[in-house]
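Look for chain A in each of the two complexes below; its partner is chain B in the first and chain C in the second.
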Partner chain A sequence: MDSMAVLGQILVGLSRAMILFIVAAGLSLVLGVLRVPNVFHGSLYMIGAFVAWTVAEALEGHPARLWVALAAAPLATAAVGLAVERTLLCRLYQREHLMLILFTFGVMLILNDLVKLGWGPTYRSLVPPEELQGAVSILGVALPRYNLVLLGAGPLVAGGLWLFAHRTRIGKIARAAATDREMVAVLGIDVSRVFAVAFGMGCLLAGLGGALVAPTTSITLGMDHTLLIESFLIVIIGGLGNLWGALVGSLLFGVAHSVGLLIWPQFAVAFPYAITAGVLLVRPRGLLRSVW
Partner chain B sequence: MVNGTRLGLGVLLVALLGVPAFLPPFYVYLLALILVTGLLAASLNLVLGFGGLYQFHHAVFYGIGAYTLAIAITKLHWPAWVGLVAGPVAAALAGLLMGLVCVRLERLYFGMLQLSLGSFVWIVALRWYPVTGGDNGLHGIPLPAVLKPLGNAYLFILAAVAASLFVLWAVVRSPFGLTLQAIRDNPQRCQVVGIHVRAHQLAAMVLAAFFAGVAGVLYVVLERSVFPNMLFWVLSLEILVMCLLGGWFTFPGPLLGAALVVALRTFAGRYTEYWTLILGVLLILLIFFLPEGILGTLGAQRAQKTPEPTPRPAPAGDVHG
Partner chain C sequence: MRMRRLAVLAILGTVAATVSRAGAGPSPRFERNIKVGIVDTYSGPPAVFGNDALNGFRLALEEINRDGVYGARIEFVTRDEKFSPEIGLSMARELVLQERVDLLVGTINSATALAISAFAREQRVPFIVWISKSEQITGAKGHRYVFSTSENTAMAGKALAYALARRGYTRFWIGAEDYEYGHAVTNSFWRFMKRAKPEVTLLGQTWWRTGEPDLVPYLTQILQARPDAAFFGTGGAGMANVLRTMKVIGFAERVPSAIHTAIDVTVLRPLGAAAPEGVWGTTDYLFYYPESPANREFVRRFQTVYRDPPGFPAFHGYITAHFIAEAYRKARSLDRERFIEALEGLRIRTPVGEVEMRACDHQAALPLFFGRTKRDPQFPFLVAGDLLTLPVREVMPTCEDIQRARAQGR
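Moving on, here comes the complex of A and B:
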């Protein structure tokens, strides 16, 4: 195993980590502010990929088709998420966690079958535009050009989320609501609106993750399963609701998985689970401080 | 009242015993599947409804029980009867190991850690081709000839499920079970009065895992195959739905829920491939209109004259809006 291969795998792992981060950050936001472990988060990720594919197909030949697709998919999933939140989920906030989880599980079952109805069980693939095909050389290692987009998207989203949480009024309220929602409510702030914004943003990030991953993988039913579990784990080992925790967890997962492919390819997918168990044995509440 | 219930149970048992003689094989098979799934759901409810632990990945013990039997017979060439015992024991051991790690945490952390450890087992089953058969699973597992006819397999399953349910019922009613329920309702207070909360929760997890393992080996008796989806997390959530549907604060609730879900799946599957859509809609309707489940709601109505509501954990958050 030469060092070039390792470096290459690490770079690929980092770009996968960015997808994981974007999806897990959305999940973490929803968990932190609403305290809902959103089981249909993975479905939105899958829908994001399918919508991106559909939009890109419809704009076949247009130079900006990928970018339009990357913009349309998150908007679509945010719309789906908000529709669910405003009509049904918002009525359940008083109930036990278990009910919230089972509710989002129900939505997952429905959404996944709707995807099957709408797009069918066949595989799809989205070819990136010509200028993003091929590979670039970084420190002598060939990296697919599209992975540069991913490597850029992660920090952009992280920065954007930080600005939202620390520099906007609603972001500050959301952070306050995550720590002490009763107090925020007592102050006369409409918590349910904050919840809607946070939930919508979480769903938007799921769709963005799905759209970003679309050109790198086959778009198919079931693509949501492992990713959902992995994002849950990332959120846990990072500390529930902690944005930077989600980033640390994603990097750990992405790199562990791709280095695992070099060491023990058959069980590389098990590495993240082993890491999670290890982290939680030492720090049961996650690496960074949880907002709970 | 108690005598009436006993009489009813006796009649039910006799009726179930007579099933293979009177019903066509398809219904015998379906009833056997319902019995196995019912035991699985009832075992989850020991930790969930009575223990208040969010065991999100219960199916993993079901799968471990089934895989242990299958591997013991096909790879280790153990006698089938040894495998039938080894399955639940392996599941209980897994429950012990997982419990030792998980009961240190509460609520969602507990649930998600349990989910992640369970998913690890699932991945191993999915990838360890030489032993587990990977995503193909193991099929055509040879069992003793006496269990071969469907009627015999059914009677064996009926006996095992009835015995297991009796033990679970006794556990729930025992001082241990009552303490467990007290812990569910108020863990802090129990701690203060000197109850070892975590030891009780751990014991409940081991017991629940054991009986999930029993359900797992019984599934192999019925189907003669195992496959990784038996320990996939979606199945675990389906078991949660069964508990909720029937009523997760009642003992027979999960059995009823399992019967309804298995029957619905079987019959809906004939008309549509969109079974999960139906289950999803059903689940959401349930959450909104029958949050205590069928038996929980019936019980609440019957008990309306007494002011005491069905015991349930305190609401998670008191949010206005």
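Moving on, here comes the complex of A and C:
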């Protein structure tokens, strides 16, 4: 096997890692700041994909249709997430984890049924604009042009999250709340507002992930399952609630998966789980420091 | 002399015909309606297929119930198995024990079909499988109470092997989704390929989970292995992902690829312009081929009611209803055992010609169509070109094959 093939395959794996990172970062943010394992995070990802499809479909023929869709979908999922948080979830923060899991699980069932009511059971395709169709040959590997967008989006989101966490007041408070929420409350800061912002951002990222993935795959009911499981695995191997852990976890996940495929294609199904098990054997609390 | 003999023969013939009709007695009258219990997936991605089959079934019932079957109407109830064998089985139990249906029909899920089949055998209730394609249903695990109106993986594998063996490929790669259908269709293809062309070699195989969203890494890896041709064992939304990825990275131009049902409308229509040209596929129903009056009429009526053209599940649903009605007409009774005997070997007229329910394995003997995806200005989605009808004798496993599989299964 030549090294070019491996390099090319790494590149292919990286673009998947970017989607995983964006979604897992949202999950991790909510998990870190609010201590809520958001089970309906996957549903928001699916809703993001469906909204992106609807918007792109409505703007058929418009040159910027994909970009408008990519902007509208995250806003829509953030709105859904905030509505749930402000009306119901905010009343439950004092409850134990099991209650929160049950609650978010219930919301997942409701959202998935609403998607079924709204969009029906058929699967959809969002065809990217002409200039992003087809593939470019990099290192001898045909890389879909659209994957270049994904490769760009990952670092942008990572940078944006860093700016939010380190350069904005609310981001700093969110970071503090993630490490020691009692202390933050003692200082007289309205934690509830911080929670709402963090939750909204988490949901925004889920929708962004869904919108970004929409042109590459079948938009269908049930597309949330795989991703939700993978995101939780990534958050766990990266370190619960640690944003950079989510980045490291996704890169490991995406790249090891695609390179592993080159070596043992017949065991591709088991890779993600083998990687998770391997990491947890060596570092049971994840690669980076967990905020829990 | 000769004239007299002919006249005697004619008289004898008439008498025989009259006697035999008289022997059957006057038309019976069924004292109640016939009730069909349908278990299928009506939620999640496979619901597309479940709904299409139900639409075809409903359309046929309209025709059947206009005159009825000996005064009875065919009614049906549906249950959503949510693509789960456990749920499907409990739904089937409820339909038989509580709803007291005369027979069961379903489902898209091969695992559910096999579970219900075992239950139907135990309860002695006829069960007609109409979408799922595992060859085990009427093959190794077939029995008196289970029938199939759907083509199966044995037929698909045999058809694709038959069609590909004539081409110059020897080094194959197999890529497939890790579930019952993926394994069944892949095993069957490779078994028949080896039989049709012993010199073929399997360069390697790649398996992925159902619902795997990003197949780019999988397909680029196969491209790098440079096989002569590739076979994919995948269906439903997973199939759409394979085709989309093929189109994006230009896979089919470099590695000739074959997938069962790749040329099917239910697969190509949702993909629109995202589907690749030049992929080989097989299916047992196309709304635009053959262009026979029977098929045109079926499509016209289906589109008047449901707007979209019928996919293969609609065709299965349609012929299932007609098989049921014809079998009751032939049985002249609501008795389950007599219904089964009537259905065995029954031939009905369908949009693709006459179809026989084979007596030896209870499998509808359907021809398959082999073709290659191509653009057609008439449609906003890809259709099949270079179409070839693979006749029943080339497609169906022989009754001896079935007996052997059943003996081994026991």
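Definition applied: the second predicted complex is superposed on the first by the 274 of 292 C-alpha atoms of A that agree within 3 Å, B and C clash if a C-alpha of one lies under 4 Å from a C-alpha of the other, contacts with A are read in each partner's own complex, and residues count from 1 in each chain.
Throughout what follows, a contact is a pair of C-beta atoms (placed from the backbone, for glycine too) under 8 Å apart; a residue touches a chain by one contact, two chains touch by 3 or more.
Here the structure is a predicted model, which is why all the values come from computation and not from measurement.
Asker: Of chain B and chain C, which one contacts the greater number of residues in chain A?
Answerer: More residues of chain A are touched by B.
Asker: For A:185, using the defined touch cut-off, is the partner it touches chain B, chain C, both, or neither? Pick first, second, both or neither.
Answerer: After superposition on chain A, A:185 lies in contact with chain B alone.
Asker: Quick check for you: in the superposed arrangement, does A:276 touch first (chain B), second (chain C), both or neither?
Answerer: first
Asker: Quick one: classify A:266 as touching chain B (first), chain C (second), both or neither.
Answerer: In the superposed model, A:266 contacts both chain B and chain C.
Asker: Using the touch definition from the top, say if A:285 reaches chain B (first), chain C (second), both or neither.
Answerer: A:285 contacts chain B only, not chain C.
Asker: One more residue to check, A:15. First (chain B), second (chain C), both or neither?
Answerer: second
Asker: Scan A:45 for contacts with chain B and chain C and give back first, second, both or neither.
Answerer: Touch partners of A:45: none, neither chain B nor chain C.
Asker: Can A:199 be said to touch chain B (first), chain C (second), both, or neither?
Answerer: A:199: touches no partner chain.
Asker: Counting only touches as set out at the top, which of chain B and chain C does A:95 meet: first, second, both, neither?
Answerer: first
Asker: Is A:116 in contact with chain B, with chain C, with both, or with neither (first, second, both, neither)?
Answerer: both
Asker: By the touch definition above, which chain A residues appear in both interfaces, chain B in one complex and chain C in the other?
Answerer: Of chain A, residues 116, 225, 266-267, 269 contact chain B in one complex and chain C in the other.
Asker: Where on chain B is chain A touching in the complex?
Answerer: Those in contact with chain A are residues 48, 54, 56, 101, 104-105, 107-109, 111-113, 115-117, 119-120, 123-124, 127-129, 233-234, 237, 240-241, 244, 274, 276-277, 279-284, 287-288, 291, 312-313, 315-321.
Asker: Taking the complex as given, what residues does chain C use to touch chain A?
Answerer: Per the touch definition, chain C meets chain A at residues 42-45, 47-48, 51, 178, 204-209, 211-214, 216-218, 220-224, 237, 240-241, 244, 248-250, 270-274.
Asker: Would you tell me which residues of chain A are touching chain C in their complex?
Answerer: 5, 8-9, 12-13, 15-16, 19, 116, 121-125, 127, 133-135, 141-144, 146-147, 213, 216-218, 220-223, 225-227, 257-258, 261-262, 265-269
Asker: Looking at the complex, which residues from chain A come into contact with chain B?
Answerer: 35, 37, 39, 88, 90-103, 105-110, 112-114, 116-117, 181-182, 185, 190-193, 195, 225, 229, 232-233, 236, 240, 266-267, 269-270, 273-274, 276-277, 280-281, 284-285
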